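Both complexes shown next keep chain A, but they swap its partner, so chain B is in the first and chain C is in the second.
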Partner chain A sequence: MSTAITVPEDLWEGDNEGVITAWLVNDGGQVSQGDLVAEVMVEKAQYEIEAPADGRLTITKQEDEVVEKGTTIASLDD
Partner chain B sequence: MTNTTATDSGSRKLTIARAMAEATAQEMRADPSVFVMGEDVGPLGGVFGNTRGLYDEFGGERVRDTPISETAFIGAAVGAASDGMRPIVELMFVDFFGVCMDAIYNMMAKNTYFSGGKVKVPMVLMTSTGGGYSDGGQHSQCLYGTFAHLPGMKVVVPSNAHDAKGLMTAAIRDDNPVVFMYHKSLQGMGWLGTEKGATVATPEQSYTVEIGKAAVAKIGQDVTLVSLGAGVHHCLRAAKALGEEGVDAEVVDLRSLVPLDRETVRASVAKTGRLIVVDEDYHSFGVSGEIIASVAEHDLACLKAAPRRVAYPDIPIPFAPTMEQWALPNADKIVDAFHQMMSQ
Partner chain C sequence: MIGRPESTPMSLQRPSVEEGLAAEEALLEAVCQGDTSLAGLAWSPTDRALVMPRRHQRLAGFPDARRRLAAMAWPIQFRATGGTPVPQSPAVVNLALAIRCRVGDSAAHLDWGYRRLGDPWCDWLASLGVTSADLGPAPGAYCDGRYNVRIASRKLVGTAQRWRRVRGCRDMALLVHGAMQVEDTPGELVAVVNAFQAAIDDPLRFQAGSHIALRDVLPDLQLEPAIPRLVARVLAWHVVPEEGS
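This part shows the complex of A and B:
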C-alpha cells in the first residue's frame, strides 16, 4: 500500500507558500508513523512534517522546492 | 524532544540545531544539575532552533528565558557553575560579547585559576556566528580568534550535526568552561542560508566527540585545506572542483580551536607540502595566522610553497548582499588561491 505525505492544511496559518529546508531521512529510508521526516520554512518560521504511516520513503519534492498546503512531497510504501 | 525519530538510525539525519537540542535533552535527563538559560530559549526554542522541545519536556525552571541583559545572565551562569550546577547559557549573537565579556573572560575563564583549582566552572556558553544572509556588521561576525586567543576556556566550532551533538555532549560533561560556537548557515534554518552538507546522519544514542581533535573530512595528497564551521563546506566544494582538474586536495576540519589539534594539521601538510587556510573570521591576528604559524614554526622544510589564506577581509561586514558576498570566503576563492600558489 502506498501513502502520500502531503503538507497538512493546518500546518501554518494563512495561505503562504513554504520551502522544504531539510529532508531528515534519506530517499529510500524506512520510517515509522509519527517519525519526523522533513522541515518546511514559511516566513522564517519552521514547521515539521511527520510520517503519516510506516513505510519506505520515496521523496518527490526535493530540498529548496516550493510547496503549498496540500502539496504531496513524498510517498510511503510497504 | 517531543518528536520521535526515524527507526532506521543509519538513515536518520539531523540539522545542527536539532543535534544540539538532542544532546542537551539527553544530558538534562541524565544530570539534574544541567539547565539552560538565555534569550528566547524557552517556548520559542531558540531563535536558531537549538533549544527546540526542551521547554516542553523540562519546564521553565530548567529552561529559563532571561531578560536582554547578557551581563546579568552570563554572570549568573558563572555563579551557578561555580556552585555546582552545569549551566548551558546562550549569547544569541557572538557579536554582542562586548556587553558581557567581563563575565566571560575575567570570571568564567579565570575563576578556576584564581582559586588555585578549588572552583570549577563547568558551563557551556553557546553562541551563534557567521553571516551571509545580510544581517549587518553587528550580527554576522565569527570572532573565533577573539575567543580562542584568551586562555582559560575551551572553544569548539562544529561543521555538521554529528560533530555538533558529540561536541555538545562533551562540552556539557566537561569540568571546564566551553564556548560552543555554531555557524548560523549550518543550523538548518532556511532563512539563514542553509548549508545542506551540515545535515548528516546522527546517532540517536548519546556519544561524545573529543574536544581538541580535528577530523580529516576528505583525504588527499596534493594540498591541505584547513578550515572550521561553514568554511569546511567551502573547502569540500573547492576540493571537488580541484579534483576535476586532477588535483587531490585534503580537507582538515579543525572542530576545536582550544585545544588546537596542531598535530593533525602538521601531519597533513607534511604529506601534501601545501597549505591553504580558510576562515570566515577576520584575516589578521586570527585563526588563519595561527594555523600557518603552527606549521611554519614546526617544520618549514615540509612546505613546497608559501601558505595562503582565504579569510574575511579586515573590514566591517557589509549589509548590502552583493558587498557581503564579495567579501565572504567561497569555493572559487579557494580554487583561485591554489592556482596562485602553483603559479609562483
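This part shows the complex of A and C:
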C-alpha cells in the first residue's frame, strides 16, 4: 500500500507558494508515522512535514522545488 | 546558563550565539511537549556569527564563503527559522516567543504569528516615544520580509518563524523570532552580509540605508531595564482580529 505525503492544507493561509528547503530522510529511507521528513518554507516561516504512516520513502519533489498547499511531495510504501 | 523556558526570564540573557539558538529551540520543544503553552526569551549574544538556514550549505560557493567569513571573525552558524543570512553580535537583541496554536483558529497562521510578535514590539517602541514604528517590508534590507518592525520604513527588527506539530494532536507550536539591531551602525552589519554575497558570487547587495539601529532613534535608552518591559508586553499581548476574519 502507498501513502502520499502532501503539503497540508492548513499550514498557512492564502495562496502563497512554498519551497522545500530540506529532506530530513534520504530517498528510499524507512520512516515511522510521525517522524519529521521534510521542511517547507513560506514567507520566512519554516514548517515541518511529518510522515503520515510507516513506510519506505520515495521523494517526488526535490529540495528547492516550489510547492503549493496540497502538493504531493513523496510517497510511503509498505 | 539560560533560564528554563517555562520560567520565561524577563531579563536580557547573554549567551553565546550557539547557546541562544539552542535556547530558542528548547522553547519550541517545551511547547511541543506540552510543558507550557507560552514562553519567551530575550537574549543578546556575547560573540558573533552570520546565522542562516541550513539550506544555504547547498550553495556552490558555500565552503569558500564559510572560510572567508571565518577569516573575518564572522563564523557561519545555522538557525531553525526561515529567511536568509543575518548577523548576530552583541549589537543585536533577539526576542523569541513560543506559543501553542489550535489549527482552524485565526491563531494558526503565519500572518497572525508575525503580528503576535510585531504589534507589541511597535507598542513598546511607542511607549518609548517612537511613534512611527510599523510592520512592513524594507526593500534593500538583508533578510527582508513583509513583517519587519520598521521605523520610517527602515528595518529595525527582522522576523522569522518555525512551526512544528504538537505531539499527539493537531495543535501547532509556533516559534516566532525577532532580531533587533541596537548598537553599531547599520553599515557595519550590512557589510558582513554583503561579504557573504560576494563570497558566494551572488550579485545582490544590500543597502545600509534600508536599516536602522535602535541607538539611532533612542541614543540614551537603558537597555537592561527596557528589554524586560518588551518581553512583558509581548507575552501579554492579545492580537485583535481583523474585521471579517
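In this section, the second predicted complex is superposed on the first by the 78 of 78 C-alpha atoms of A that agree within 3 Å, B and C clash if a C-alpha of one lies under 4 Å from a C-alpha of the other, contacts with A are read in each partner's own complex, and residues count from 1 in each chain.
The rule we apply is simple: contacts are C-beta pairs under 8 Å (C-beta built on N, C-alpha and C of every residue); 3 or more make two chains touch, one makes a residue touch a chain.
All values reported here derive from a predicted model rather than from experimental measurement.
J.: Report for A:77: first if it touches chain B alone, second if chain C alone, otherwise both or neither.
T.: Once the two structures are laid over each other on A, A:77 reaches no partner at all.
J.: State whether A:68 touches chain B only (first), chain C only (second), both chains, or neither.
T.: neither
J.: By the touch definition at the top of the document, which applies to A:41: first (chain B), second (chain C), both, or neither?
T.: Both partners, chain B and chain C.
J.: Contact-wise, after the overlay, does A:12 reach chain B, chain C, both or neither (first, second, both, neither)?
T.: In the superposition, A:12 contacts chain C only.
J.: Identify the partner contact of A:50: answer first if only chain B is touched, second if only chain C is, both if each is, neither if none is.
T.: both
J.: Do chain B and chain C touch any of the same residues on chain A, and if so, which?
T.: Common to the two interfaces on chain A: residues 21-22, 34, 41, 44, 46, 48, 50, 63.
J.: Which positions of chain B touch chain A when the two form their complex?
T.: Within the complex, chain B touches chain A at residues 3-8, 11-15, 18, 49, 188-191, 194, 196, 199.
J.: Using the touch rule from the top, collect the residues of chain A that touch chain B in their complex.
T.: For this pair, the touching residues of chain A are 19, 21-26, 28-32, 34-37, 39, 41, 44, 46, 48, 50, 63.
J.: For chain A, which residues are in contact with chain C within the complex?
T.: Touch list, chain A to chain C: 10-14, 21-22, 34, 41-48, 50, 63-64.
J.: Of all residues in chain C, which touch chain A in the complex?
T.: Chain C residues touching chain A: 53-55, 58, 80-83, 103-104, 108-111, 113, 143, 145-146, 159-165, 167.
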